[in-house]
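Worksheet: one structure, shown below.
Going by the order they are written in, the chains are A, B, C, D, E and F; count residues from 1 in each one.
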Amino acid sequence: MGDYIILAISCILVNNILLAQYLGNCPFLGTSKKMETAVGMAMAVVFVLVLAGVITWLTETFFLKPFNMEFLRTVAFILVIASLVQFVEMFLKKSIPALYAGLGIFLPLITTNCAVMGVCLINIKEEYTFMQALVASFAYAVGFGLALILFAGVRERILLARVPKPLQDTSIGLVTAGMLSLAFFAFKGMV
Amino acid sequence: MRELIKMVVVLTVLSAFSGGLLASLRNGTKDKIEYQQLKFVKGPAILDIFKGATNNPLLDRFKLKDGTVERSFFVGKFNGKTDTVAFESYGKGFGGDIGLMVGVNLDTNKIVGVGVTTLSETPGVGSRAKTDPSFVAQFKGRPLEETFKVKADGGQVDALSGATVTSRGVAAGLTDAGLIYKRLKPELEKKLKNFSTKAVKTKKGEKNG
Amino acid sequence: MIKRSFIGLIKPRMRYQAIELTPPEPRKIPAPKQVTLLLNEPYDPFGQGKSPQLKKGDPIKTGQKLALYEDSDAYVVSSATGTISALSALIGDFGRSYTAISIDVAENEEIDEQFPALVKDTSLETVKHFLTFIPGNLPDVILSPNGSSTPIETIVICGVDRDLLITANQHTVVKESSSVKRGVEILKQITGIDNIIIASPEHLMQDAGLSGAEVRVVNPVYPASLPKLIMRDLLGRVVPAGKTCEDLGVAFISVQAVASLGKAFNEGRIPVYKHFNLINKDGTSVLVSAIIGTPVRDIFAAFNIDAGEKDRIIFGGPMTGESIYSEDHPIQPDTDAVMIQDQKSLALVSDYPCINCSECIPICPAKIQVNMLVRFLEVGKYQEAADEYDLYSCIECGLCSFVCVSRIPILQYIKLAKYELGRISRAEETNV
Amino acid sequence: MFEQKKFTVSHAPFWHVGSSVSTRSYNIIFAALPAVLFGVFTYGIPAVGVIALSVSSAITWEIAFNKVAKRPPCIGDGNAAMIGLLLAMLLPATAPWWLVITGTFVAVIIGKQIYGGIGANPFNPVLVSLAILTLSWKNFLDFNEVLVNYDFSYPMAYPLASLKHFGVFAISNLKPAALLMGQQSGGIGAIFGLGLILGGIYLIIRGYIRWEISISFLAGVWITALLFNMADPAHYAGPVFHLVTGYTLIGAFFLATEDSSSPVNFIPMLIYGASAGVLTVLIRNIGAFADGVVFAILIANLINPLVDKIRPKALGKVI
Amino acid sequence: MLTALFFMLGLGLVCGVVLSVASKVFYVYEDPRIAEVESFTAGANCGGCGYAGCSAAAVAVVAGEAPPSVCIVAGPESAANIAAVMGVDPGTAEPLISYNTCRGGDRAEEKYYYMGIRSCRATAAMSGGERQCPVGCIGFGDCVTACAFNALKMGPHGYPVVDQIKCVGCGACEKACPKDIMQIKTMSQKLLHLNQYDDRIAPCQQTCPAEIDIPKYIHQIKIGDYEGAVNTIRERNPLLLACGRVCPHPCEDYCRRGLEDEAVSINQLKRFAADYEMKSGRRLTISCAPDTGKKIAVIGGGPAGLSCAFFLRRLGHGVTIFDAMPKLGGMIRYGIPEYRLPKEVLAWEIQGILDLGIEHKPNMMLGRDFDIGSLMAAGFDAVFLGIGAWKDYSLRVEGEDLKGCYTGINFLTNFAVWQQEKPNEPRPFVGKRCAVIGGGNTAIDCVRTLVRLGAQEVSIVYRRTRKEMPANMVEIEAAEHEGVKFTFLAAPTQVVGDEEGKVIGLEYQKMELGEPDASGRRRPVPIEGSETVMDIDMLITAIGQGPDVFFKDESKRLDKDLNITRWNTIDSKDPVALQSSIPYIFTGGDAATGADLVVSAIGGGRRAARSIHMYLTGKDVTPPQRTLFRNHIPVSIFESVPGITKLPRTKMPELPVEDRIKSFVEADLVISEEEALYESNRCLQCCLTCYDKDVA
Amino acid sequence: MAKSITQEFVKGLWEEIPPFRLVLGLCPTLAVTKTIQDGIGMGVATTFVLVCSNVLVSAMRNIIPSKVRIAAFIIIIATFVTVVELLMQAFTYPLFLSLGIFIPLIVVNCIVLGRAEAFASKNAIMHSLADGLGIGIGFTLALASLGAVREVFGSGTFWGAPVFGPSFHPFSFMIEAPGAFVCLGLMLCIMNLVGKK
């Protein structure tokens, strides 16, 4: 149990997917302009990442590895993830419109989110067990969400500030993301 | 319905085509990749450890089962004796695992050399574990079976200044290596007894790769 | 300007000016050569399809009711006798537009006979048609109690002054208690509202009691006399953000208006003299009485005040007044003070950004998070400011601007935002 | 029509309390003086050099940026000077010139100006700068290494480094009172605890910083350290030690209280201060850095926009 | 190898099947435009737009929350495509462009020192802003900050300047401006705009019957942007070459410089710009709105008809001009002599108008060759009646129809037709001693023509004095120089003829000036017994003319509802709306006003075009409430203009008298470029209440 | 509006250069630009995938049903990514090591999918080729320049060779994660300044 907690903390804070591993930055910058969007995106990422983490782990363990087809990992994973996301999106839209409105609309953004694919690949690379993969996927997603929400909070204020014109928007967003990443150094070495 | 079928067919054919293409490419590059992996990941450390060996340790390798994990061992031939092996162990560092290649002489149980294979430490600080030869040199000649600890923790290892975490990681890796060594020593001895090197092929191996 | 105390930990307390127990009579300014009355209806020189009632050269009597068009509700009551010398458009603050009626005052005063003929009839109609433009200004909502969404049930008479340094209302409480008493009776009679409360400072409780209305005491520290705080502190009712006191069935009226109402029926003529404080450049405050429509220029002349280039002339008090740009601006029925500040001692504003010092937070009586509010307002995000940062909770006391380290004109931002939002919503209503 | 007298027109209120940004900055600088003077006294000329360079370069960067960005010059507000001074207070007296200049560049330009100047920076510029310097040139900021040439009557080992590397034992002979009086190694302006406390109290009384933040920060440090200490006294130092060493006091009074990166409401201020305090000790005890104040406050800066949403209900607010 | 193949085959199959089944099972209806918009986005789902993926962005676009340019990956073409799907402006597919209507800026005096938020909206809320000008630009640049496309910047004079290339017409500036100075308009809306009381326009522009933005084109000349000047003029006046020559320039009467100095020679500058285009040999392109499919018949190809046709065509309608004469131009071709307006120049100008795609049917006279009914049957949606004023008023004295008596228009037209179309036929009769009755421009044209045709003695007989002559002073002077005699205060009483019925003399009664009448002119009173006879062999009466509305009697069906005023003009009730008593018939020019200036006819043509456009698009035809028709904005009329140093006005170059009386070569010449620049610098660049003071 | 092939190529080099003008593909931009070599390596790999997938998508644009087009594009892209992955492993192994996980992640690089969807699926093969090549080279240039800046300041070397004297203390913040963000942010700012007309 303790191991899982440490793994989780490590994935959330120390090896934060966004700030330490540089994954998932496009939606990070895109969806952090408003707090509402950030929260929706964060939830959607948690949802999809756990699903994707599990399903890709299963694919790897039961198909790719036994048949020595690791080289097909990229193709297989992305196909599985894309189909999964699209399926979930359609499912939610029809069956649970309320949920769809809250987080479903973020799903397409996730298909090509390198955070999802990246975490799936990390799970395999680190040779996690099923439970570890599950925990890691969840924790990475939480880390993503945490960073996104904190960032959105900061960014909401920056949008109100008198940022010099050439720096506005993405430019200052990136610099701020850098500061965020800097602050997350606080957790270095804790796990 | 026609559209549905078309969708399915297109996807299927496309993925099958992709699978086929990749599989054939994979077959064509398989050997080369394996050699490259050895050469660049572990190669430098191994060659460093086996400085003066008469064989090519990269080619003279075998695998052993250690519980569920399979470990690779590289054999070094010194003075005509194949009594030295090198294998990899890991310790936790500042920015992830630190991979250590540990060379040990089976006769003396002493370390012949330690090399850092993988590490993602803070450049200029922890990364000196790899770049500063004096740091790993301090392990040479020490018995592998002891427990390694940095001095701050009351051990014997001189820590890299300002990189205690890294140093601790290295120490932990070495300790781990000792445990592996202890576990597998009987098998290793068995294996080495009738080990014949492929020294002759060195050049060719390089080329074919 | 009140300086910051050394110990900044404690928030500044600003007490209202208290009137002396036996106040001197206000200094009376003689009728000027020209008066200007501001009629609350836009002047359209090209107005089509309406028949104008007034034109240049028309003779006017004191007490005469003047309206632009036959069917317009808005009117003014002339405070002097003479001829109309000009009609012009005047743009006030926040989109208010007036018609300025200038009257050249004749030497002999003639009293218009319409009101004296009706003086026996203390009916709502009479008051409505002749007495809204009296000193103190009678608010419409009291006269048409069903005009607002909730019928008015309570009338609060402000026996306190809205702002610092002003004693005009207190003076009325002390000196004109009989008129006030009559006024309260008439109010009760014409509106049918019995629940009339007079808000008074503690030292005037006795005098206020003579009015016949229920006396409640107002805290002597600014901004306790602002209507929404009187509502909260004296009536125990909180006005929801974006709503007015009238929406809760409470109407406010100044004690001067009540006194004028009483006086009008007592004396049989519409009162035209308005009491107000003249606050000089050195901060001294004198009570003055002048007819409505007197240009500020004449008042300054009477006190030998030299209003120089870049000085600031303020109608109202230092915290809530409005600055005007011309010495020709006339005294209006609701002018409680005229203040002049020397160019050298102006409190400057700057366009420095908010430094997030949090001075404004503890001082805000409405508990608004001003630092964020002002950020939204600075970039023009008015709707967000209203939705997320309580724009409409603001009671416009100006304390945030008063303490602002960056000297941001916060109150101006707030009022502007409310005004712009109002404009947008009105535009949307007319579109749909 | 054209010769009319023109008056000034502006909006209410027409009075102002008279405070200004520059008074604020200068008061903070004034409050920092005891600690700074003590530092100068202790470390001598090099300390003067670092402080002078830091302040002047901070001002220069600010002027330069204003020129480049075509904005009205804002050095008059004293903020740049304050940033320069605070940064110098955190640096060792032996900091090389290029380190100081880079530091002020990062603080003034990257930390503050590109966000639109004073009041807009989401992170404390001084801390951003120090964090970046720490990452880049750890050796030059390692007090043990760089202050090695100083020789005083008290041990010159950096207390927190000793604690980190050698455990509680190594610091057992350090007296809190002596540490408080500045008998320790550390940043130029960070060693004289008493001076910092005096300055802090001055600022609190004058209303320039908020006591809520300072007190909750110290409380956070104290309580967390106490818990660790109680759990394993052999491993973790006592709370008082944590209070008087490293950047704790300067952090509590001068860094965490930085205006634009700290909350304005009461409860958020407590949360903000406390979380910075807690994290400080966490980093010191189990993290990678010897002193956690810098990164702890940066993390607290980060959560500031979120926690500052906790606020009292506004007058008449519906819902 | 095979396993890989099969694995991928299986995977693809599974995914394909699952997705296609799911798309059937979980089908939800959505606005088809969403899919369409989405197909134009990049589809990368990168989130760069701030929305949750491409379909979310598409939803936002369809819901109107996001601009068509939302996708940052796909580039401008995608934005254009998305805009097309959304149909940003469904009414006209014309681009909206922002422009500012105030050129006052910081030249306007201030009424107070402002201290507070540096924004236009904030200061506008404080007594309407610190500028004296009640409607002018405040100058804090709220619009500039509001513009997300960098298309606006504050100009040197403190008012915003639009970069039309960058402007996308989003309207942010318009919303931000508290004074309605920034306006987003299509070209059509600009063409349709009439001067209003709340416009920020100089007195000259208020006066100009065609409402040309005079300060703007003068400024453009000043900075050397001659083409811009041409475009500016053409926004209001398609006949700039003609107007530049014949316009009596009432604008100059209101030139503020004229109060202290001599007025700016506005018309010379216009002619300079117009001639610049013609001389450059290149026609500037004139843009037209997309076709609307409506057809309009313009009856009469004179200035009013041409102007109306020009503007209707630019608004996107199909126009056919029916004209009774063989060539277009109406009175400016057949009434204005060659020496004032060379027909070559006119032809060049008219060709430019026809090139927009206007059909011309010559020799078609209403009431003779067609009537309104036949037009309606031919599918025209509206009719413009610009038949001009071709019928001279008669003198109502005895002997008016003797041989050798002509009316002014008759004479000029006959001569013009001979000169232009039938030069080989014998020249129309010209007497030796000629008298022309009347004091208007037609009379002057007649005498000056007669001089050029070799009449030995030409005199003008006018009832009042020279001061009251309605003709242009320049023209009168020119006639004087050319040797024309003037007989003032003479009222013709009888035309004397010989037994052959030929005219031999004109009897007139002398007059003296009496009390001023309502128009302020002193009424001439006959002196009893002062009858005199003047010896002449040719008499031309040019005492005024009116429209010839005989067609109304010819057609009994549709036109009977058309009201005619007692001055024989077509009754248009409202002089701005110009709609006749039959809703689809509009009028303008002399047909509506009686004989008037060319430039008035041009203005009338545009107003009629506006009304027709409104009528065809189903909108209210009545003009906007605050239309400033023939009036002036009171605050803009000054009594003095301080700060002006006198600078002499550029003299108009003309041919020497001896040369010009011999031929019909153009008498007035164009000023040089150097002179034009000098004259343009004399312009005070007035706006409503502000102007440039001369430095030094 | 149709541009020539050359224009399609050139626009990727400046007008629409990712990630400066099109703010896309940030992850690899941030992650693999510690040195200029890594940057160029990543750029070349991406260019290869971009060109190949653009050509193939363009060739197949009429066959693929619109509902599964994204899935189909992804398969195509993923295939080429794997090809690159295998080739790099076989021939430039050290580069493969330093780029690590980011090679397979080219598949989710928004630039690649974005160009496939926005451009190649609507344009002819040669145009798509030019577009892919242009954008790819632009991307490579961008990565190289960012890599160069970070390497020079962060490690004091250029292409592995020291540029400053031995007394230079590298500003190693630049090669840390925060430095990557800040550096890219500032470069965007410079691009905005330069791009302003």
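One rule holds for everything that comes next: a residue touches a chain if its C-beta (ideal position, glycine included) is under 8 Å from a C-beta of that chain, and two chains touch if they have at least 3 such contacts.
What you see is a predicted model; the values in this text were computed from it and never measured.
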item: Chains in simultaneous contact with subunit C and subunit F; value: A, D, E
item: Higher-contact pair (C-beta pairs counted), A-D versus A-F; value: A-F
item: Longest centre-to-centre distance from subunit D, chain (CA-based); value: E
item: Chain centre separation (subunit D, subunit F; CA means) in Å; value: 41
item: Between subunit E and subunit F, centroid-to-centroid distance (C-alpha), Å; value: 57
item: Whole-Å gap separating subunit A and subunit B, where each centre is the average of the chain's CA atoms; value: 32
item: Subunit C and subunit E: spacing of chain centres that average the CA atoms, whole Å; value: 51
item: Subunit E residues counted as touching two or more neighbouring chains; value: 3-4, 7-8, 11-12, 15-16, 19-20, 23, 44-46, 48, 111-113, 115-116, 126-127, 130
item: For subunit F, residues contacting two or more additional chains; value: 23-24, 67-68, 70-71, 75, 78-79, 82, 86, 110, 113, 170, 172, 176, 178-179, 182, 189, 196
item: Multi-partner residues of subunit A (at least 2 other chains); value: 26, 29, 69, 71-72, 75, 79, 82-83, 86, 111-112, 157, 161-162, 167, 172, 175-176, 179-180, 182, 185, 188-189
item: Residue numbers on subunit C that touch subunit E, as the complex places them; value: 45-46, 48, 89, 91-95, 310, 323-326, 346, 348-349, 351, 380, 409, 412-413, 415-416, 419-420
item: Subunit C contact footprint on subunit E (complex, rising order); value: 111-113, 115-118, 121-122, 125-128, 130, 134, 145-146, 176, 197, 625-626, 634
item: Of subunit C, residues touching subunit A in the complex; value: 353, 375-376, 378-379, 381
item: Contact set on subunit A toward subunit B in their complex; value: 15, 69, 71-72, 75, 79, 188-189
item: For the subunit D and subunit A complex, residues of the former touching the latter; value: 69, 71, 110, 114-117, 119-120, 122-123, 128, 131-132, 135, 279, 282-283, 286-289, 292, 295-296, 298-299, 301-306
